[in-house]
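Heads up, there are several structures right after this.
Two complexes are shown next, each including subunit A; its partner changes from subunit B in the first to subunit C in the second.
Now for the complex of A and B:
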């Protein structure tokens, strides 16, 4: 138990370090991007010279990266994530408003992708029907070739729910990996023997095909979360879904360092936690089955 | 006899229609904002979306009628400018209430003006009133009379109040309590805003019915213009306030009755050369760009008619100068767009020692004339214009390189590093009064783009423009002001620090279900008469 806790603590420290480094790297990239520290508002011809100078002065506070990052971390420790320069609102408020939208999109997208991908993979492995395999592989291949933006626009034109696009982006990867994993499991000698002896399909699947593939499938689950998060940015931006993907897009265009640093850290954190959780689950599954 | 009766019935019907008695009440008007409003504080609004909210919710003392371009009373029944343009006295309407029920009085006007002129606020609307050092004085003459005194005279003072939404001094809802036709009822960040009818709105139609006719407005935040267009065609939204030429043609092909072209707008597309003495450009290029002959030659080598016809599909007019012909009073009608004449351009260039050598234009020292023009990426009209200008300039042996940058990078080069040669951009002009362009034309201004923040004017003609702009700003006599402004336009035409290219047309698309919409040139083109708009019976019923 003690060992388990120390392992978890080590993992938490590792995640925290990577998140902090990710945030710093994100901030560095924004800081070095051309056009950092300028505001479109400066071109408003109604503004007096004094107001323009004040606007510029406000941007210089973020110029020194090390100082900015130190102040940022200090503020985070006090529960303040800063204020978005482009949207002129507290970052915590923006995240609270938009996170549910993205979580909903990702949740629905992943549910759709996993249901479709895993069902097709199981159906192919269990039925061993070549036409089903060919059809599903063609579908997955086509979806892999189509850029996310094209899929999003097609959904907009068809008035289909844009959230499903996320599912279609993640589906081919889930289908191909799970199909291969299940196919490998189903060709194990004991499975072939069990099949030859007439064991029922359901028992074969639940007791002999799925368990050996479970750790890898869990790892895939972790990866699929980060894939869905990454796909959410262009999809939300194109389909005008008010989630954090759209927010990240706007922040990048506006060189909004306060917003970008927080979003980078959130995406890093989600990716790491999802992957670590699936790794841990996979390990425990492995140990249990051993 | 029967014919007579029919005529009388028809006449009554037309009269009722004109008075609004037959206008359908209720329903939800729907249209899109291109971005999330940055603020709902009417004093701090500077982006398009925020200004839309201000227009729909804010009550103003007087309003420029977007159709006639004349000032009309709103919350103030009358006003008087005195003290050589330093003081304005308003008489306010009695018994008005904000959307939350708090009463409206001169106190609210005083409060709004004090807030607006707070130097720490840096309000773009407030900055338009800043003509000199010192504090603004407000004097309450009675419950419904107030005098406001500015430290220095302001030309066109009364028209500036078109942009000032009056806030309540007492309401606990602060800026959310409004005097306009609608109030913000719901704001779903990044998704939509719902505005509800203000039941305390003071206006009534000729038949005595309370305005506005429409119950609520749904503003969907929609950045993607393709989706916006699709939604209009499907009938999900009722209009697109500003459509670009390509989408306009699509609208016309779908349903010609939906497209409205109000003619040349106040906005201008133009290019300029970097004349900043400290810019990191080679000295021979600085010599080119500061030469009037060079700028005039480039201007004459550009075919503006083609830019309008091809880049804007005929939905633009060759531009003349800083004031668009759409600005009926202030435009100097003696001026014409620079003609396309490459022979004349070469003659002008020869005056400065430029000469053609094997089809390449070279300066006196033998440098081949080649420069780059930056513009913002993603704006296909500017990219098209730049390509066409590139083609035009090859006709006089000049090689033009077009560089597209995203907006922050572009602004950085224009305002910080000055590391650019030429720039192609546009000016969105919301106001008719030339005073609004003061921060562009004064040589000391930050937005004097070709050579900003000069300590003393770099050229005699810039000194002359400074003098004329200051003179027009301190004169109340409109005719005299017009004289000064005409001279500024003439100098700008002669010297061409900005090479004006085209004035885009004000294009909009309106669903036939929206009644009483008369799109105009001035912003907001479609919903300027928001309280008079109504929806068709079926649409109103279904929403």
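Now for the complex of A and C:
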């Protein structure tokens, strides 16, 4: 129990450090971004000199680096992620609207990728059918050579469900890794003995092949979330799915740095939590099986 | 799979030669417009037809492949060297240095690759000349793609620095830099080689993604990103199958890069 709590505390400290460092990095990028400290309202010809001076005065509070970092962190901690320059809306509002769409895409995509990848890997390892291995490897190899954006374009042309693209991007990595893991696991001496003693395929898989590979598979599950988020940008942008990826793309084209950095930080936080959760699960599984 | 590796190497040599000789092989400049024949079908004058702006597609494929095939390995070389310096020194130094560098690497790796890339890309000017946009794109790839490789190199350098031959070299009076340069680095070659070949297709794929999203190499200079972007204008009503030639070439090239490494080299 004590071990578990210390592990959790370590992970929490790690996440907090990464977020703080990331925030620091993000704030630096925001401050270095072109156009920082300039208000578009200054261009309004109807404004008097006094009004322009007042606007400039308001901007000078953030010119001091330390004050700027303090204000930035303070705002973020209070849930104020700023306002998007291009969309003229609060970032938190944009995130609340678009995050569910991305999470839905990622959830469906990952479910598809894992179902296809893991079941193919299991089928290959259990049946040892070379033609199945060759076919699946060729499919995975071809998909690995396709940029996510091209696959998204092809799905748009074929009018196929865009959410599947995400699954197809993640599938080859899941398939290759899990097939290698399960193949290694199935050649362990105790598995060979169990097979020689005539144990059924299902029992062999559930009791002898999957458990040694489970921690790594869980780690892969965490990493696959990060892969899915990265693939979401081109897919959402090209398939017109109103999610975080599309928002990031629009922000990049409009050079809306504040929005982009906040998006990157949020996505990093989500992927870190997913990775840490899978690590913890893997560790507890390892301890339980030991 | 030796035969597959041989075919991949021959294919890469052939395509690299054709691209390097693009000035002589290509029937026209990549930017020249044949305004009377936009979106034309393949013919003797235009082997792969022309694009919507009347530019010879075959020439654009040759020049675009040249851009990607020359600069992706250059970016991969840069990122591998960066990873070698960072990972090598951290692994050799050990202790707090290794912990600090690994923490920085962890931070870098926890940032989603494409999000980080487009954030940094957006910080730099978007409205630049094609040549500058090429340099920006591939320099960014080189600068941001080192973290994964550094981790692997650091672990290897750490293991090597505790090996017997390093201990002997140390006992013979070899100092820090000499030890690092003469004894450690040469033994890291297989890892560096593998990391380089792994990075090349990753960078080609990333450039293609950026190009299709309009954040890569600027027009009229072609790259695989801009060539594949043409698929956006593919019409199912009057399909032009030859529009897929750049895609097929792309798949063949990237898979050749994947096949170049043997299993032993990948394991290194």
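Just so we're on the same page, the second predicted complex is superposed on the first by the 239 of 290 C-alpha atoms of A that agree within 3 Å, B and C clash if a C-alpha of one lies under 4 Å from a C-alpha of the other, contacts with A are read in each partner's own complex, and residues count from 1 in each chain.
Everything below uses one rule, namely that a contact is a pair of C-beta atoms (placed from the backbone, for glycine too) under 8 Å apart; a residue touches a chain by one contact, two chains touch by 3 or more.
Treat the numbers as computed from the prediction; the structure is a model and nothing was measured.
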First (subunit B), second (subunit C), both or neither touched by A:185: neither
Touching partner for A:278 - first (subunit B), second (subunit C), both, neither: neither
Touched partner set for A:224, first subunit B, second subunit C, both or neither: neither
Subunit B versus subunit C as contact partner of A:262, first or second or both or neither: neither
Subunit B versus subunit C as contact partner of A:105, first or second or both or neither: neither
Touched partner set for A:253, first subunit B, second subunit C, both or neither: both
First (subunit B), second (subunit C), both or neither touched by A:21: second
Touching partner for A:52 - first (subunit B), second (subunit C), both, neither: first
Partner chain(s) touched by A:153 [first = subunit B, second = subunit C, both, neither]: both
Where subunit A meets both subunit C and subunit B, residue numbers: 33-34, 153, 157, 237-238, 253, 255
Complex contacts: residues of subunit C adjacent to subunit A: 103, 106-107, 110-116, 118-123, 125-126, 201, 205-206, 208-209, 212-215, 228, 231-232, 234, 236, 247, 250-251, 254-255, 258
Touching residues (chain side subunit B, partner subunit A) in the complex: 36, 38-39, 46, 119, 122, 124-125, 127-128, 130, 188-191, 221-224, 226-227, 230, 405-412, 415-416, 427, 436-437, 439-440, 444-447, 453
Subunit A - residues contacting subunit C, complex: 14, 17-18, 21-22, 29, 32-34, 141-142, 144-150, 153-154, 157, 226, 229-231, 233-234, 237-238, 248-249, 251-253, 255-257, 260-261, 263-264, 267-268, 271-272, 275
For the subunit A and subunit B complex, residues of the former touching the latter: 33-55, 86-88, 94, 97-98, 101, 153, 156-157, 237-240, 242-243, 246-247, 253-255
